[in-house]
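Next come two complexes built around chain A: one with chain B, the other with chain C.
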Partner chain A sequence: MKQDFKVLGTRPIRPDGLDKVTGKAMFGADKSVTGMLHARVLRSPHAHAEIVSIDTSKAEALAGVKAVITGDDFEDVDNRWTRYTMQNCMAQGRALYDGHAVAAVAAVSKKVAAEALALIEVTYKPLPHVTDVDEAMAPDAPVLHEGVKGRNLGDDVSGNTVGYYSFGHGDPETGFAEADEVIERTFKTAAVHQGYIEPQACLADLGADGRGELWCCTQGHYEVRRICAEILHMDASQLRVTASEIGGGFGGKTTVFIEPVALKLSQKAGRPVKLVMSREEVFRATGPTMSASMDVKIGMAKDGRITGAHARLRYQGGAFPYQMVMLGAMSAFAAYDLEHVQAEGWDVMTNRPKMISYRAPGAPMAVYAVESVVDELCQKLGLDPLDVRIMNAAREGSKSSYGPTFKAIGLVEALEAAKAHPHYSAPLAPNTGRGVSCGFWFNFGGQVSVSMAINADGTVNLIEGNPDIGGSRASISMMAAEALGIEFDRVRTIVGDTASVGFSDVTDGSRVTFAVGIATINAAKAAIKEMCKRAAMIWEIDEESVEWIDGAAHAVGHNAGTLPPMTLAEIAATSGKTGGPIAGHHEGAPDKAGVSFGVHLVDVEVDPETGFTAIKRYTAFQDVGKAIHPAYVEGQIQGGAVQGIGWALNEEYIYGEDGRLQNPGFLDYRIPVASDLPMIEPVIIEVPNPGHPYGVRGCGETAIVPPLAAVSNGVARAIGARLYALPMSPPKILKAL
Partner chain B sequence: MSKIHVNATVNGDAVEFLCEPDEVLLDVLRDRLNLTGAKEGCGTGDCGACSVTLNGRLVASCLVLGAEVEGSAIETVEGIGTADALHPLQRHLLDHAALQCGICTPGIIVAAKALLAENPDPSEEEVRFWLAGNLCRCTGYDKIIRAVLSAAAEMRGDSA
Partner chain C sequence: MRYVVAKDCPEAVALLNANNGARLLAGGTDLLVQLKQGAAKPNILIDIKKIDGFGNIAAEEGGFRIGATVSGAEIGAHIALKAAWPGVVEAVELIGSTQVQGRATMVGNLCNGSPAADSVPAMLAAGAVARVEGPGGARDVPVADLLKGPGRTALGSAELVSSVLLPKRGARAGDAYLRFIPRTEMDIAVASAGVNLELDAGGVVVAARVALGAVAPTAILVPEAAAALVGSRLEASALDACATACEAASNPIDDKRGTAEFRTRIAGVMATRAAKTAYTRAGGSL
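And now, the complex of A and B:
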């Protein structure tokens, strides 16, 4: 594996930075076009109701209204997962949660659109609802959709239970029998929202000729194209989707909520339509992550060895079938090398918005429950929590709790770095506790396309198909520069629209720097091969006698030393006379992403009078394989940690008895603000991923996993009592004191 | 109801516009004056993405009516530095990699500039409390706070 890097590991300023500090960058809501209409969506005030009738005649009659649509405007689609997405964008027959779209309007102004909404008359017949996961699983619960119950599930669970998964090996009961101490606890975590600051926004133009243009903020414009083309019954080639700059996603922008609605309105009105969600709509109708109810049982020997482990995870994912608890069940015990382990999971529907991924989807809550029990066992047996984790840690060659045998991984390195860090041995103030937790994420590969052009002036253009949510254009340019042997600022990387470069999977799973990186390196190899060929042609020697070293073609073998090296710029300058433009491209589906482990240390101070928890010190260790741009890797670790802190302390979807969301705004759904936090110290560990030429693992998601338990374990040690539910808001802590 | 006629200056330039009586300054800036640097993150004054200054005072432009700004001087992110002459805050945010998605960045810049006008030598805690009204979901604030502190030091002429 390559080790001596010239560009990798440096910290250049990101190519999109200037536009973002001067206000020029174009986000989803920033684009307008001539003739554009403004759209608004009418949403259900009921948690569950039959839509008896919708009378749109008064709205249609209002001056300035150009189109009104309801669920009746959408034809059925064959793919059931696309149908669920469509029915989530616009209800058909029933409103399934508070905030579910039931009609939409396009009008000449925002004002007229708002007035028109008020003129739409919907007659609802309220139906029984359920928003809690345990209640929704009970056999007598109101069932959201018939006929979708998971296979092999018995009468002990309701039809809302859409999936069951089990992972593990050995026999946990045998393990518990070998233990000196066994602890079993039940945990609850609230649904939390990704909380991206940019609400969903799009600009759709679907003409009478059947050709469509769609501009939107998304993590995956090819996925938007696929879903919208299926829903609109269009050929994919006829819908061009352009990803705007994206104002945060964290998984929440990996599907569509408004785009099919805007396209349908545009089709009906014959004009471009802009649709921007309000913050309240974002909370009520886009996907938060799952809430969870979990049982975890772990047995430990006196010396700290974990003898057996078992988890039962019940996740609530909103109003449609979904598959996500699987990732929780796979993640729960991933940090440990265990002989007897099982993790089971159930996916459950409720009358809440359809869940969507949130950074390491499914993992944080499962790992919270496991790491809490491990910590409690450490306390009970008087053992050091890091020593116990080092003793039981998964390492190269460990059979993971979810099946595969781990290749080179950096968990032990991260744990040992945490143990050696001054934070771990620093004295603690009164009312303060130190919490520790491990975390894990898989990281993915997936389909990717990259197109690279070598320009005649020696610069390079690169087109990739993955929206840049955290600085990936910088890291891709860096890898291109490294592979070609040129300077960073000679490369310009852009994110192409769906008509300009081949298919690419969604920006998710921490896959972009890994997968687009591999495609970029391969595209560079293709361009280098062509440049070597051109040099051979100019030199009139065999192609095999030319090698690419440090950005230039070198004659090797018996010609070595006889010819001066020919640089990329020199070869490019004459390309018009040596065979035409030089380019490289790569399409593939790299699948050797490396898993990433993290270890977080936190000092929390709990005010015994108010129950308020303050984060006093935070250090996050993470194996990232290779940090291409260390500053952006640090940013991922810091940002993930703070989202996890919010999950632990503040954030939750609060539902009333009426099944309505009670806190759909940033005032009542409180994400961490600057004054809540100390500096977050990131410590980058680099154990190279053998599946990437530069060792990249992916780094975006792991850091949200450890904070939940780290903070909870810190609180437990600060107050001498343990909470088994998140968020740990002050009233809950006061109750525990 | 007919529209209201307003004269004001934006980033030093005289502007004249008609707006609805209930139209907020943020919509005037974005929809009528084509200044889309200020963002709408919430529309309720909770996120700070729409921060601008109004006669030197930091405001959430989603909570100010367009009709209120008659005769006022408004500054938005578009008026703070240019690509070839960045304000120190802009440069330090870039140098510290203090933005990821960048949607909160315009509001952070406007708010931090207003802080430094009032307090050229803020402590870390003062920066954190001043920026508590500017939500950032990507960075965990660490690099933003460092960037503001180092920009402040440079603006004071400290050799930091």
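And now, the complex of A and C:
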């Protein structure tokens, strides 16, 4: 594997920075076109209700209203997952949660659209609802959709239970019998929001000729195109989707909530339609991550060896079937090399908005429960929590709790770095506890396309198909520069629309630096091959006698030393005469993403009179394989840690008895503010991923996994009592004191 | 909706008098949010920011008169005011963020009528007096008498507050304000307390006022809590009695921001902590 990098590991200024700080960058809501209409969506005030009738006649009669649509305007689709998405965008027959869209209006102004909404008359027949996962799983619960109960499930669970998974090996009971101490606990975690700054927004134009243009804020415009084309019954080629700059996604923008509605309105009105969600709509109707109810049982020998482990995870994922608990069950015990382990999971529907990904979806809550029990065992047996984790840590060759055998991984390195860090031995102030937790994420490869052009002036343009949500344009340019042997600022990378570069999977799974990186390196190889060919042509030697070294073609073999190297710029300058433009492209589906482990240390101070928590010090260690742009990697680690801290302390969707969301805004949905936090110290660990030419693993998600348990373990050690539910808001801590 | 800039106080009062459904606009940091949410639908907005004298902070008989449109940032930057009434100033400065501070007024905070408004318990503790202008002329009303319930004040429909007076007080006096929020800023008080103390030469509390926020339909004065402090040097027993009186006076709601039980307990904690700060500011040593 390549080691001596020239560009990788440096920290160039971000290419999208100037536009973003000067307000020039175009986000979802920033685009307007002539003749554009404004859309608004009418939403259900009920948690669950039959839509008896919708009378839109008064709204349609209002001057300035150009189109009104309801669920009846959407034809059925074959793919059941697409149908769920469509019915989530616009209810058909039943409103399934507070905030579920039931009608939409396009009008000449926002004001007229708002007035028209008030004129739509919906007759609802309220139905029984359920928003809690354990209640939804109970056999007598109101069932959201018939006929979707998971296979192999018995009468002890309701029809809301849409899936069951089990992973592991050995026999946990045998393991518990070998233990000196066995602890079993039940945990609950709240549904949490990704907290992106930018609400979903789009501008849709679907003409009478059947051709469509869609501008939207998304993590994956090819996925948007697929879903919308299916729902609108269009050919994919006829719908061009352009991804705007994105004001945060964190998984929340990997599907659609408004785009099919805007397209349908545009089709009906014959004019472009802009649809921008309000913050309240974002909370009520887009996807948060799952809430969870979990049982974890772990046995430990006196010396700290984990002898057996078992988890039961029940996830609540909102109003439609979904598959996500699987990732929780796979992640739960991934940090440990165990003989006897099993993790089971159930996916459950409730009358809440359909869940969507949030950074390492499914893992943080499962790992929280596991790492809490491990910590309690350490306390009970008087063992050092890092030593215990090092003793039991998964390493190269370990059979993972979810099946595969690990290749080179950096968990032990991260744990040892944590142990050696001054943070771990620093004295603790009064009322302060130090929490430790491991975390894990798979990372992903997926389909990818990259197109690279070598310009006549020796610069390079690169088009990728993945929206840049974490600085990937810089990292991709850096990898292109590294591969070609030129300077970073000679390369400009853009995110192309769906008509300008081949298919690319969604920006998720921490995959972009890994997968687009591989495609970029391969595209560069193709361009290099062509440049070597041109040099050979000019030199009149055979292609095999030319090698690419440090950004230039070199004659090798028996021609070595007879010809001066020919640089990329020199070859590019004459390309018009040597055969035309030089380019490289690559399409593929790299599948050797490397798993990534993290270890977090936190000092939490608890005010014994109020239950107020303050994060006093935080250090996050993470194996990222190779940090292409270390500043971005540090930002990912810090951002993940902060989101996890919010999850641990104050964030939660609060539903009332009536099934309505009580806190649809950032005042009462409390993400941490800057003054709540110390500087999060990131420590990058690089154990190269053998599946990537530069060792990249992907680093975006792992960091949200450890903070939940790290903070909870810190609180437990600060107050001498343990909480088994998140968030640990001050009233709950004060009660536990 | 019409928007009118009132050039003087009589014009503002006349506009209020002539229009049912008029609203005064000071910093707008409450009102604009309400407009956006559709919670307020005034037919006319009367901007009072251009009224002469409304933007002044003036010394008056040993106290300070703060005009209706003085912003939080201006209050925070006023050195003499801050020295005289540090508790009121710290309460005002807690409102919102730097951006909000540039607009938000103390009088707007009062007139908005929120039980959780930060400056109000501090004003109650200070014994602040509002100058109310109406069709019949001006009258002075203790801030305590203006509070009526969530979103409601005792102002008549054609009345406005032109200024608030923080009165003169003795040399060995100090005040403090504390609120509890789950985070460190940008939040609404779950419970809060303003305390104003006067000491004798020996450090004994001779006069006290204790006010609580967010634990009743309006901010409230708690005379029993104040009485518990008078005659003490804030010994533990006095502080305990003060906290107990605060808990007894609290009658909070149970909601997403905090349980009634939690708010009640926190009210006592905030009051005793604020009392200690006020005591040191008054020159006492704990």
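Operating definition for what follows: the second predicted complex is superposed on the first by the 737 of 737 C-alpha atoms of A that agree within 3 Å, B and C clash if a C-alpha of one lies under 4 Å from a C-alpha of the other, contacts with A are read in each partner's own complex, and residues count from 1 in each chain.
Here, contacts are C-beta pairs under 8 Å (C-beta built on N, C-alpha and C of every residue); 3 or more make two chains touch, one makes a residue touch a chain.
On a predicted model such as this, the values are computed, not experimentally measured, just so you know.
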Contacts of A:26 with chain B and chain C, given as first, second, both or neither: first
Which superposed partner A:654 touches (first chain B, second chain C, both, neither): second
Contacts of A:673 with chain B and chain C, given as first, second, both or neither: both
Partner chain(s) touched by A:734 [first = chain B, second = chain C, both, neither]: second
Touched partner set for A:470, first chain B, second chain C, both or neither: first
Contact breadth on chain A, by residue count: chain C or chain B: B
Partner chain(s) touched by A:588 [first = chain B, second = chain C, both, neither]: neither
First (chain B), second (chain C), both or neither touched by A:662: second
A:610 touches, of chain B and chain C: first, second, both or neither? second
Shared chain A surface residues [contacts with chain B and with chain C]: 667, 672-673, 675-676
Chain B residues touching chain A - in the complex, by the definition given at the top: 20, 27, 30-31, 35-44, 46-47, 49, 76-78, 80-83, 86, 90, 93-97, 99-106, 109, 125, 127-129, 131-146
Chain C residues within the chain A interface of the complex: 180, 182-188, 190, 256-259, 261-262, 265-266, 269
Complex interface listing, chain A residues touching chain B: 11, 13-14, 16-27, 29-30, 32, 110-111, 194-199, 245-250, 276, 278-279, 469-471, 629, 631-632, 634-635, 638-643, 665-667, 671-677, 679-680
For the chain A and chain C complex, residues of the former touching the latter: 609-612, 649-650, 654, 662-663, 667-668, 670, 672-673, 675-676, 729-731, 734
